[in-house]
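Since the structure comes first, as structure tokens, the remarks are kept for the end.
We just call them A, B, C, D, E and F in the order they show up, numbering each chain from 1.
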């Protein structure tokens, strides 16, 4: 029976340099369009495939009464190249995840407890798809479309969201418009918002220009 | 300002036939390598994007003391073409999700409550990646590799799993080997299992041959 | 030499049913996640691969002083499955293409004449990438990110834009927020805009709620 | 143990409509950019996954002393959606597979017997990569590049080629230029070939114009 | 309101290392199958996303009376990983872009001024798709197929072409056959061209062998 | 005519740094999710595109009477990024390639001589697709599914298999279960195999635990 071992050992030896069952990110290595370069397989351990950060409740003592805790490839290097990631979403009563998009991923949201009112808007006809979700419901937000989540309930709610990309991106409307140096007149011309409105939100969110 | 409306209405009219923000599956339509044909957009509603089946606890009063409730495109047509799906995994104390693979997807598991001992095996070096996960932990199982989950705890555990495919497939080792008409001698020759073992499990799982 | 003909005719005959050099859309056929079903190859002509609609100047006598003329798969069926499309962008002096995203495509803009001030905003750091482009310049807008174009010049400008998708989608911020029945309080909660601002723009753009 | 059966039967029943382990082509069904629509799974048999046509020697009694026998999705419907195909290449002594490209696939050639001189030309620097292959050798021809095979030996040679597409396409230079109605002056202007040369080959290959 | 800032700053900080809204090519870095490694995001500026080289008329005072000015990833590093590129095509009267293919991309051509006669040839049936295009017309050339452009008009013409790849490749028939050291007898055997024809063109184009 | 040369030389010079007709693996370079970094094009030769290892008969004097000789990217660097690979399969009489999967590729098997009984099992209904193949037959094994090959004949058989990935992976059931330190009780719980059976095979295959 040693022959069996010999045979397969041979195969495995000859291929050992190229194992790509996975490609755990070397976060200090180069980035490429397909993701980070891989950590050496001999140094990969179970720790690379487990992430514990989603077990910690996010701090919702802020104005939006919400917290998003990502488990993207930057936090969880084992996801590199594997086409999936997750995040934890804590919403205190009245909490809001503001209008945003993920430029490169579809989102699937699962309500662990509480109630969450969620919606997305189609690009073709600006149709609003809106529903109040209860514990155990899942809702899908197709790639790249505007969406949001709100807790109108009286108790905290918790959702776990997944994305079909290890690095889905997150573009929050208010931050894109009001938290940078995009000149106010450009914001106004391209959004039809009033000058006072723009300047008010720039003030709040730290924008200039 | 009617001009604005006119302008964009024009655009939207000319493109309205081809909206592919999403392609909700017409489960009675044709299937193709990229998924099902799309339901007419005018008939799409919020119900197509929400699935409530994962809120129902699976029945674990069976031998494996476990239940898997899928939310794949067949159950949740809104996922068609969107590259993601989910399932609910209930594990009673002693419950086991047997050794299996998903031929076409990576899995990301989130522990909602309880403890789950999970593992996968690399193909390159047969390395075992094994960990007992607690509430809030997530673990990734790279595409196509053998993996399993067990509840060694004294209380029920619940996990929500996501896949980067609307139709990840599920190939359970025991069912592939013992629950069909694959002749026993072929099973034995290709797995090195003893004849008595094979026949015993064929008996249990309903296989013939 | 007939033998040569015979040989290759044989090959071509045996494969003639499956030519997929292209898959011209049958716009009345089924849609799938990969696009429309194909028109029969025997009915495909050069007309399927040429589109003349971009040669016609768009009507910019509207409030935004701009017009977008798409050549997506709905207008130009030959693009189906080929991963590319185009549009014509006419901007009168003062014209604006408002803040928008393409959920499923990168855009490459070419200025044919005039000057266009264009910008996009990164999702990672909300960085503004802004430039006034002159005749002959090209600028790339990465997939899914907010962007806009404005003509601050005194003469009309014309741009031709291309997308790496036959159906890139177009989600205009103002239409997504104000031209549908998304309730005003949800708009306000998710954008931090003031109630008066929201209602003003809903009035202009025809939204309700 | 019936419970086990019950559990998994439930899963299988609920998903049975959407199995996409494979999508055997319904050659009379619609075509899409991702391939043919699928044959009903209940009608799929082992015959769909086996093709015997490559076991038959091609007829090389023609001018090029060569024969190509394809096993593309049109001949072998089980390949639909699976990203692979094959062909048999018989080359009598002096046989030639003329200069050609596969628009949508890389080719990997295996020499079963005889000697084959094969080459491809890079697009970046027009570098010729040329080698005479012997029994057992394999050579890769990167996607879309010009390549050819010749048997300079004294005995017949046989190669099996594989492609990473179920429908790789085959564009033979001489047929593209001389076997259709592309006007001679266009051929000449775009290839710099002499008029006499073009007309000679049009005569041989059945072209007009 | 500082809390809002705090919340999102936290998110952005934790993810700042992995922003892949874009991956501007580091042309001196490593190349991979997915493209070049990325320039550090902190060094990315608007200059990386704008290319001015297409604004310069190509020099058509050559035998083919044509000039192609590429804006591929090598010239325009911002395109890396974004799946799109462009080129400028100047055709003096009588100018010709000779028969060629792009091994890895579909092309979409827009006529900015003048008239261009363009054609491509299908691989399945060698069908010629030919049209004289006028200002404003667009034509698509499916991936990998032979095509060409000619200016039969009396005035210069200009086209802007786009590709669905940042690096589409360009294989010019005459250069592949006659501008390298591919031995003349191999050219002749694989193209059926006469020896005199081959040697004449090798002489013109600098080929040897 | 020098002008022609000048023109195209210009193009080629400007693009010469980015040729990606191919990306021959630098096996000592970084690995990424899309494969290895590329060898410098100036050092690429025909040797990179030819592999001779499949011409050598594998040593089948072992217990399984079979040998698999891979030509994956680790052995044949020219395949990097090209989406294809191959292997040689020698089966002495009674030889068996045990039950296994390829996590990331479809397999297409060609019988060069002898008879091979091959089968795969669907995941959706555990259907067995089984056939004895003769010389010249090809059979496809869809991605990720269990399959095996056996020589029940009296003479050696030889197959050449191809994969639609340069690095398909190979997960052999017995090695995954019995040739590592996966604890016996976990094997038993997840496979329903008896303790004696597990320990027997662990003994044979070198497993511990």
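Everything that follows uses one rule, which is that a contact is a pair of C-beta atoms (placed from the backbone, for glycine too) under 8 Å apart; a residue touches a chain by one contact, two chains touch by 3 or more.
None of these values were measured; they are calculated from a predicted model.
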| item | value |
| --- | --- |
| If a chain touches chain C and chain F alike, it appears here | A, B, D, E |
| Result of counting contacting C-beta pairs for C-E and C-D, higher pair | C-E |
| Label of the chain whose CA centroid is most distant from the centroid of chain D | A |
| Listed chain pair A-C, A-B or E-F that repeats interface A-E [over half of contact pairs the same by residue number] | E-F |
| Rounded Å distance, chain B centre to chain C centre (Cα mean) | 35 |
| Chain A-chain D separation of Cα centroids, rounded to whole Å | 42 |
| Chain D and chain E, separation of their C-alpha mean positions in angstrom | 26 |
| Where chain F touches two or more other chains, by residue | 15-16, 19, 21, 30, 32-36, 103-104, 123-124, 130, 142-143, 145, 169-170, 175, 179, 204 |
| Which chain pairs touch, all of them | A-B, A-C, A-E, A-F, B-C, B-D, B-F, C-D, C-E, D-E, D-F, E-F |
| Chain C-facing residues of chain E, complex | 12, 15-16, 19, 21-22, 41, 45-46, 49-52, 54-56, 71, 76, 78-79, 82-86, 88, 106-108, 110, 112, 120, 122-126, 129-131, 133-143, 145, 160, 162-164 |
| Residues on chain C engaged by chain B in the complex (per definition of touch) | 27, 30-36, 59, 61-64, 66-68, 70, 72-75, 103-104, 167, 169-170, 172, 175, 179, 204-206 |
| Of chain F, residues touching chain B in the complex | 96-99, 101-104, 117, 119, 121, 123-124, 126-128, 130, 142-146, 148, 150, 169-171, 173-177, 179-182, 186, 189-194, 197, 200-201, 204 |
| Residue ranges of chain D in contact with chain B within the complex | 1, 3-8, 11, 14-21, 23, 29-30, 32-38, 80-81 |
